[in-house]
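The two complexes that follow have chain A in common; it is paired with chain B in the first and with chain C in the second.
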Partner chain A sequence: MIKSVLPSAIKEYLLAFADDEHLMGQQHTEWIGIAPFLEEDMAFASIGQDELGHASMLYALILEDSSEIDAFIFNRKPEEWRSCQLVESNHRNWEEALIRHWCYDMAEDLRWELFRESSLAELVLISERALKEEKYHRQHADALVENLLTVPASKSRLMKALEEIVPEVVELFSSIPGETEAISSGLVSGKYCDVFSTWRLRVENRFGTLDPKLFTTSHHQSRIKRHSDFAPLYGRIREVFLLDPKAVW
Partner chain B sequence: MNVEISASVQDIHAVVETVNDPEYPGISIVDLGLLENIKVNKIGEVVIQLIPTFSGCPALQIIAQDVREVTEKLSGVKKVDVVWLNSPVWNVNRVTAKAEKELSEKFTIAVQIQDRKVKCPRCQSETTIKSHFGPSRCRSVHVCSGCNEIVETLRD
Partner chain C sequence: MRIYEVFLKADGKEEFRHAGSIEAPTDELALVLARENYARRAEGTRMWVVDRKNICVSEEGFIDANLNKSHRHNDGERVAKWRKSQRNKKSDD
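Now for the complex of A and B:
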């Protein structure tokens, strides 16, 4: 295994992505067994598994020893995470979970695309693999949302959820620590917030024109401060690990 | 004088071929297209490069461990490294005709070979896709137009 010698600003930048992916994956898997119908139960399990896989590939780049990934995920202090509010907040309703899945996956491929010509060869390969998997995530989320929007009662619930979630997506795109260094080193081809307009277009093409204020309001935390839902979420994530932290899986 | 004490690539390939995918007992990981390369030097240090079907596969550690165990038993092998590569990306075209037949006969699972219609393993009728996500991450769900049964389909 190649030893990681990435500068700390670059690691910080990749960590934000890895943590987003990991927590999004964990959040999706919480629908296993309780999603409203069997097909969604299975889809959320598979999509969540993909996001956890993407996170692992990124953690492997950040850490000097990939065997430390589990310990790194399960043994960090809350202030050492760089995840955004969107993946930390606890959306209990199914419509909010679906809208978050739609919003996150419509933003995720745009993030991987920035690595297409990365100066870090391994990152180019990882993004290629992730983009292939993401195509199915978008198809799945969009087909379901498209169908549900034709039913008035479903539509009003989805639109309400969308209004809750869009401002959280604004934070996902903005202020990623280490982004300036990541761009100047050629790790990434541009700022993530520069493709926000592409994401907004996707939203308004699917859901119609929304109140413009939604796209400028951000629960801005710069990824340093944790959402109040983080602590219980992290508790659930670590529950099994903490039973026997030295166990080999 | 030949002082080579190492195992050959062919010997190693033969034992790696005996490792089955934990999800499909009886089907070799080599037939599923997971083996990318085997390297061995004169002193018996072996590097086996595998590619995962998808990045979040939970079976990777078990597969790597199985591959390591069978290879270490070979005479002339001193050290075995099993490495998961990020490239090339696995796709269903790497699945051999043998594995395709076995998946169909033993597991009634079809394979989504590119540009080819997925046929029902039970009645050979054509199928239509119902969901990209099935009971396992690498299987989509189709429905058979002949017998109306669900057809689980290996996909990339």
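Now for the complex of A and C:
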């Protein structure tokens, strides 16, 4: 049973999820105003805001005080982040952004499902709330992809993006710090990589059979080392904050 | 792409109201995109999206007021007055 002051291993475990959600949300919201059509740029940024909301619920749990979230996000050293390569990498083409959204959200509900019977009551509530939203994130991503796959030119662009992004997803599922402690304390019901096969099935049901090598290649960084695209991304996140770090918001 | 009209219904006895329009390639995407564009701040509890081509539109002038038929524009005032006088008459009896 976990008490309100969380052991550091558990905090590390939750931090990996919070940082993934935060950076994924940030990446999606950057499409506001430049997505292929007006309705989609609103929808994509709105979905990004949902992810930022999930991140802030997790940060609040880790920090035990939601008023510290901003300082924690804007003042952390790159090596103190626990995000994965998938959410840090700079996918600037629309097909890559869409495939990443599809891949990430097809993996995200599987991650929240692990908290359904968590020994930490707040996490059960947070996961229920997130799962409700995730259903529509998946529907959004899948309906768009399903449609675009019927157009040969779009299909070839999507498949190329998929081959680039699938190996990054392998790392998302593996090497989560504190996972052993998270399982033994009852925080989560199992290892995230145990549901990777479910994710792979979703991919191959939608896109057809892919080269098996794609599913085993991981750019293993163990979430300790940052992707080379992290620095400019973090720069964009801190851009306004750094104008006046002492400002009270 | 097709144009859809979006309707939202607030909780309770409120009726469905037109919220705006949206461009989408399929019915499913129209629903998904309308959700994020018009209902992300809990503006309603139920939503309709209608392909604009399925709306029967009247021709111009079809429902213009016919001002030469004053009996059609009765506000009920004369009837109310008459009924009131009848009631008063009854109570005087």
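Just so it is clear, the second predicted complex is superposed on the first by the 245 of 249 C-alpha atoms of A that agree within 3 Å, B and C clash if a C-alpha of one lies under 4 Å from a C-alpha of the other, contacts with A are read in each partner's own complex, and residues count from 1 in each chain.
The definition used in the following text is that contacts are C-beta pairs under 8 Å (C-beta built on N, C-alpha and C of every residue); 3 or more make two chains touch, one makes a residue touch a chain.
Just so it is clear, the structure is predicted and the values come from calculations on it, not from any experiment.
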Fit or clash - chain C, chain B, common chain A: clash
Contacts of A:K132 with chain B and chain C, given as first, second, both or neither: first
First (chain B), second (chain C), both or neither touched by A:E122: first
Touching partner for A:R206 - first (chain B), second (chain C), both, neither: neither
Which superposed partner A:N147 touches (first chain B, second chain C, both, neither): second
First, second, both or neither for A:S56, with chain B first and chain C second: first
Partner chain in contact with A:S46 - chain B first, chain C second, else both or neither: both
Contacts of A:F37 with chain B and chain C, given as first, second, both or neither: second
Which of chain B and chain C A:K191 touches, first, second, both or neither: neither
Residues of chain A contacting chain B in one complex and chain C in the other: 39, 42-43, 46-47, 49, 136, 139-140
List of chain B residues in touch with chain A within their complex: 54-58, 61, 83, 86-87, 89, 130-137, 141, 156
Touching residues (chain side chain A, partner chain C) in the complex: 37-40, 42-43, 46-47, 49, 136, 139-140, 143-144, 147
Contact set on chain C toward chain A in their complex: 1, 22-26, 28-29, 32-33, 35-37, 40
Chain A - residues contacting chain B, complex: 1, 25, 39, 42-43, 45-47, 49-54, 56-57, 122, 125-126, 128-130, 132-133, 136, 139-140, 249
